[in-house]
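In the part that follows, the structures are each spelled out as structure tokens.
One chain, subunit A, links the two complexes that follow: it is found with subunit B in the first and with subunit C in the second.
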Partner chain A sequence: MTDDLLIIGGGPAGMSAAIEAATHGLVCTIVDESAALGGQIYRPLAVKPNGQTPAATVVRGDELRDQVQQLSQLINIRSESVVWGISKGNKFAVGKEGEGTEILEPKLTLLAPGAYEFVPPFPGWTLPGVMTPGAAQILSKTMNISPGKRVLIAGTGPLLIVIASQLVSNGVEVAGVIEASRQPDWLRLAIRGYRSWGLLREGARCLNTLRKAGVPVHYGRVVTRAEGKDFVQRVYHAPVNADWYPDFSGEQIESVDTLCIGYGLQPRNYLAQLAGCEMQYVDARNSWLPVRDRDLWTSQPGILAAGDGAGVAGAMTAESEGQLAGLVAANKLGKIDESAFDRLRAPIDAKLSRLAPFQKAIADICRIRPGLSSLVDDDTIVCRCEEVTWGEVNAAIDHGGTTFRSLKVMTRLGMGMCQARFCWPAMSRMVASKKNCPVADVGPARPQAPIRPVPLGLIASIPKVPETCE
Partner chain B sequence: MNIVVVGGGAIGSVVTYVLSSRGCKVTLIDKDFPGKATSASAGGLWPVGEAIGLGCGVIFHASQKSGSIDISVADSSGPQPLPRIFMDFLVESNRYFPKLTEELEHHSGIHIETETGTGLLYVIYDENERRYTQSLLDWLDSSDTDVEEWSPAQVNEREPLLTRDQLGGIYFPGDNQVNPMLLVDACIRASTKLGAEYVPNTEVTGITMAGDLVTGVDTDRGHFQCDVLVNAAGAWSAKLAQMMGINIPVFPVRGQILCTEALRNQTLNCNLSTSDCYILQKAHGEILIGSTTEINGFDVEVPLENLIGLAAGAKRAIPALEYATVKRSWSGLRPGTPDEFPILGPMDARPNYFNATGGFRTGIVAAPLSAEIVAAHILGEPQPFDSEPFLADRFKNIEVNIPTS
Partner chain C sequence: MNVRITVNGNTTQVPRGISLAGALYLLKERSFRITPRGGEPRSLFCGMGVCYDCVVKVDGRANIRACKTEVRDNMQVLTQEGEADLEDFA
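Moving on to the complex of A and B:
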């Protein structure tokens, strides 16, 4: 049976969209790479904690999973599956290891692939023991494994203190939190953000946990390099100016065996690109985003985009956008008329506008500044898959390589397993910085099928012919 | 003499290099950034295999007929070997590679990964294919051609990962490979060292003329005066020719390629081709699986069904590839011609204009000799090869059917 709505990504946006759409009678399929729905933030716990109150995100995830379950007549879940290719804007190759590929041709599609962490290169960042805060969170929260004995958390964004406090609660020794942005900006946000006081309360709770445990939070500093033999042993951090250029004279050393470092999130935008959606570079979000209208339609007919994958704004915004996308889909397919649509969308719009200023302010505080591109030296590896150094890329830029494609051919940058997803967000900023041009002029990496590495056998299977509805 | 070459693909960059190394003043204009061109190529140098249609040719014809090749030369429904002169041309061009490789490394510091000793192995799957390949061998006259017939056991001895479900193979020991992107990059870097000007990311918007003579090229980055214009615009060369009021029958033929992760060296020992696809391992360890051959205008989308077909073809030939990780696919446009011959050299109608196009599925292997032919035409030197059959004027006064999708 042809799906009314194909939802790619089962995080907050995807689950909310499915619930809303199915409530209005749409037949939905959610494709998600994990075994269970929830995405990164609403990921269910592997082991139920004994006696402890579960985190708010786990509770909310369980609520949404329950609602999806109640609508299972209309919501088909393809877990541990990947949409590896799109053609002509409405054919989606969905693959699962061991089962092969099926091509779906839904009436409408919602892209809700979420986001991943942004880590610009710096000397020593490839040492074992350096990981992203999200990786540490998965280890600690869902697997109950401590990421290290003594952990430093660094980068920018509200997730740093959340993860630091989670690690503290799990008994991990946290040496400190290094936040690149300035403390007064966060205090101003607290004063302005009273309407999002749920989020603020969560932030205050985390800071309180850290204070009790004696974990210092250093604002206005960045990690400049990591050192160690075989694994990370020492981390250097220094104060930065307003553009995040470090003052190396103020460098301090922290002895740790683990560094969790991340500078906010990058949208997973390759599906939108592959689908041919018009993209635009949004400097405030440090990324290329699909252009969307008020109803969340992209420029490609029949394709909606919601959540962090369309512009990182957090789980609450993602949920509301997902809900709106579900409603828009139901309206488009004639399940609800215009007046019902207007009535039902009003509270969602109101909620989104309530959240917007707060999210915008956070994005502004954590906006990636150019100084972050100045940490590398010629020997720093900037493409981890192919072990390409900044010196090699620098020489290629001098030869006229200014785009992803040309640097790739000249240096093999981005030609490895990650296909530039990891290196290009930082590298495009560094190219722009060197050429003294806007990041938008350097352009995005160009994704191709498969959008994630998959076994050849998964692609090679003979596709099932989709049944037609009539 | 100012020579402007339009098109920075394989042929355009080699022409630029050949002319620059003879002291000419050359400007190479390319509509793309470095690295975009020659994207339809995997870099097979298969003069014999491709000339008799057992490289991309057999995939092309199998796709035109949808299904396994059920063909014999007798009823002329199968891929026909191209005229003997074409094979001789490709074999001759292939001989340039060792020297070209050395020269380019000397000038640019880039080794273009020219391989020797790999050879091309065409795998025979069934009786039809066996009959068909036998007829090709009879035509070839193997006494003076580099070709061997291998038994199924020989095939598996040389290529242990290859399926046991085969009836042997035809091996072309002289057919090897190169890295086409490095070939282009090295030629451009070598040329600029020798004094050429390289103008990437620049689109030709018009041609200025004085009577029949081309006087310059208008681009989105200004005007370039020229005494000689070389059309190396690949799949787009008919469009460029039209700007000066002439027609050449060149059309885009889309090709798609799948690329695996880097695997251990010598996972494959030969370049492989079958009626489904070709499979070759590059110097870096990646395995390229190509290539579809589709006439579909300038659309470079990668249809999912075609990728699935390529993957299935690779798995059929090398079952273990099922577990290899695929990391990318892409497509590009080859410049096709009605008789599958390139279009090289002057045209009566435009005295200072020269074609260097129509390389289709042999554009890489043919590039060195094609460039020498074009350079000899421009400089009034003796021809290094009988290039009469490659002149555009062969299409004069005959009706040309340009295939459409």
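Moving on to the complex of A and C:
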């Protein structure tokens, strides 16, 4: 049966969209890479915690999973599956290892792929024991496994103190939190409030946990390098100026066996690019985003985008956008008339406008400053997959390589398994700062199908080769 | 509650439901692979299937993301050294 709505990504946005759309009678399919719905933030527990109350995000994830389950006659879930290609006329290649690829031709599609962490390169960042805060959180929160004996948490963003306090609660020794932005900016956020008291209270609770455990939070500093033999043993951090350029004379050393480092989130924007959606660089979000109207339509007919993948704004915004997308789809397919649509969307719009100023303020505090591009030396690996160094890329830029494609051809940057998801967001900034031009001028990565490494068998299993798979 | 997995020849029990990356961390295997070009150790990095740094050989197949793979009974795991052989992709 043809789907009314294909939803790519089963996180807060995708689940909310499915629930709303199915409530109005739409037949939906959710495609998700994981075994269980939830995305990163609403991920279910892998191991039952011993007596502790589960985190609010786990509880909320369970609620949404239950609601999806109750609508299972209308919501089909394709788990452990990946959309690896999109061809003309909105045909989606959905692959599942061991089963093959199917081409889905839904009436409408919602892109809700979520986000991943931004980590700019610095000396020592490829050492085992250096990981994203998210990776440590998954180990600790969902599996009750400690990421290390003594952990330093660094980068920027509200997730740092949340994860630090979760680790402390799970009995992990946290050496400290290194936050690049300045403390007065965060205090101003608290004073203004923005009617987001729940989030502020959560932040205060985390800071209180850290204070009680004697974990220092250092503002206005960045990690400059990590050292160790076979795994991280020492981490250096230094104070930064307003543009986040470090003053190396103020370096301090921490002896730790784990460094969790992340500078906020990057949207997963490859599907939108592959679908041919018009993209724009949004400075305030440090990222390329699909252009959307107020109904969340992209420029590509029939394709909606919601959640962090369309602009990082957190789980609550993602849920509301997903709900709106489900409603928009139901209206488009004639399941609800205009007056019902207007009535039903009003509270969602109100919630989104209530959340927006707070999210905007946080994004502004955590905006990536140019100084982060100054941490590398010639030997620093900038493309983790292909082990390309800054020295090699720097030379290629000097020889005229200034776009994603030219640097890829000249150095193999971005040709590995992550398909430039980790190198290019940082490298495009470094090219821009070297060329003294806006990051937007350097351009996004150019994803091509398959946008994930998939076994050849999955591609060969397509029943009929589509017209183009660009 | 537990499953038996074999990592580099050593058979051991780990909790059911966790990821292979979690299991390797529990077993104090901090290096998941050695890179082909620089010969450097790599391990869990993004933890959510995006970076492909944590790839290992599972039941004879190379380049399997440890963070996206749930442990199964009798799973045979090898940490990877250098480039995977072509036959490992079969």
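The rule we apply is simple: the second predicted complex is superposed on the first by the 460 of 470 C-alpha atoms of A that agree within 3 Å, B and C clash if a C-alpha of one lies under 4 Å from a C-alpha of the other, contacts with A are read in each partner's own complex, and residues count from 1 in each chain.
To be clear about the criterion, a contact is a pair of C-beta atoms (placed from the backbone, for glycine too) under 8 Å apart; a residue touches a chain by one contact, two chains touch by 3 or more.
All values derive from a computational prediction rather than experimental measurement.
> After the superposition on A, what does A:35 contact: first (subunit B), second (subunit C), both or neither?
second
> After superposition on the shared chain, which partner residues are touched by A:455: those of subunit B (first), subunit C (second), both, or neither?
Once the two structures are laid over each other on A, A:455 reaches both partners.
> Once the structures are superposed on A, label A:406 by its partner contacts, choosing first (subunit B), second (subunit C), both or neither.
The first partner, subunit B, only.
> State whether A:190 touches subunit B only (first), subunit C only (second), both chains, or neither.
In the superposition, A:190 touches no partner, neither subunit B nor subunit C.
> Let me test your reading of the model: by the given contact rule, A:147 touches which partner, first (subunit B), second (subunit C), both or neither?
second
> In the superposed arrangement, does A:350 touch subunit B (first), subunit C (second), both or neither?
Touch status of A:350: no partner.
> Using the superposition on chain A described above, determine whether A:417 touches subunit B (first), subunit C (second), both, or neither.
Both subunit B and subunit C are touched by A:417.
> After the superposition on A, what does A:87 contact: first (subunit B), second (subunit C), both or neither?
Once the two structures are laid over each other on A, A:87 reaches subunit B alone.
> Looking at A:132 after the superposition, I want to know if it touches subunit B, subunit C, both of them or none. Which is it: first, second, both, neither?
second
> Which positions of subunit A sit in both the subunit B and the subunit C interface?
Touching subunit B and subunit C on subunit A: residues 416-417, 453, 455-456.
> Enumerate the contact residues on subunit A facing subunit C in the complex.
33-35, 40, 46-47, 116-117, 126-132, 134-139, 143, 145-147, 230-231, 268, 381, 384-387, 416-418, 421-422, 453, 455-456
> What residues of subunit A sit close enough to touch subunit B in their complex?
The contact residues of subunit A facing subunit B are 85-88, 91, 93, 101, 103, 399-403, 405-410, 412, 416-417, 419, 448-450, 453-457, 459-463.
> Considering the complex alone, what residue numbers of subunit B touch subunit A?
On the subunit B side, the touching residues are 32-36, 181-182, 185, 189, 198, 200, 258, 260-262, 284, 301-305, 307-308, 311-312, 314-315, 321-330.
> Which stretch or stretches of subunit C touch subunit A in the complex?
Contact set of subunit C toward subunit A: 15, 17-19, 21-22, 25-26, 30-32, 35-38, 40-53, 55, 63, 67-68, 70, 89.
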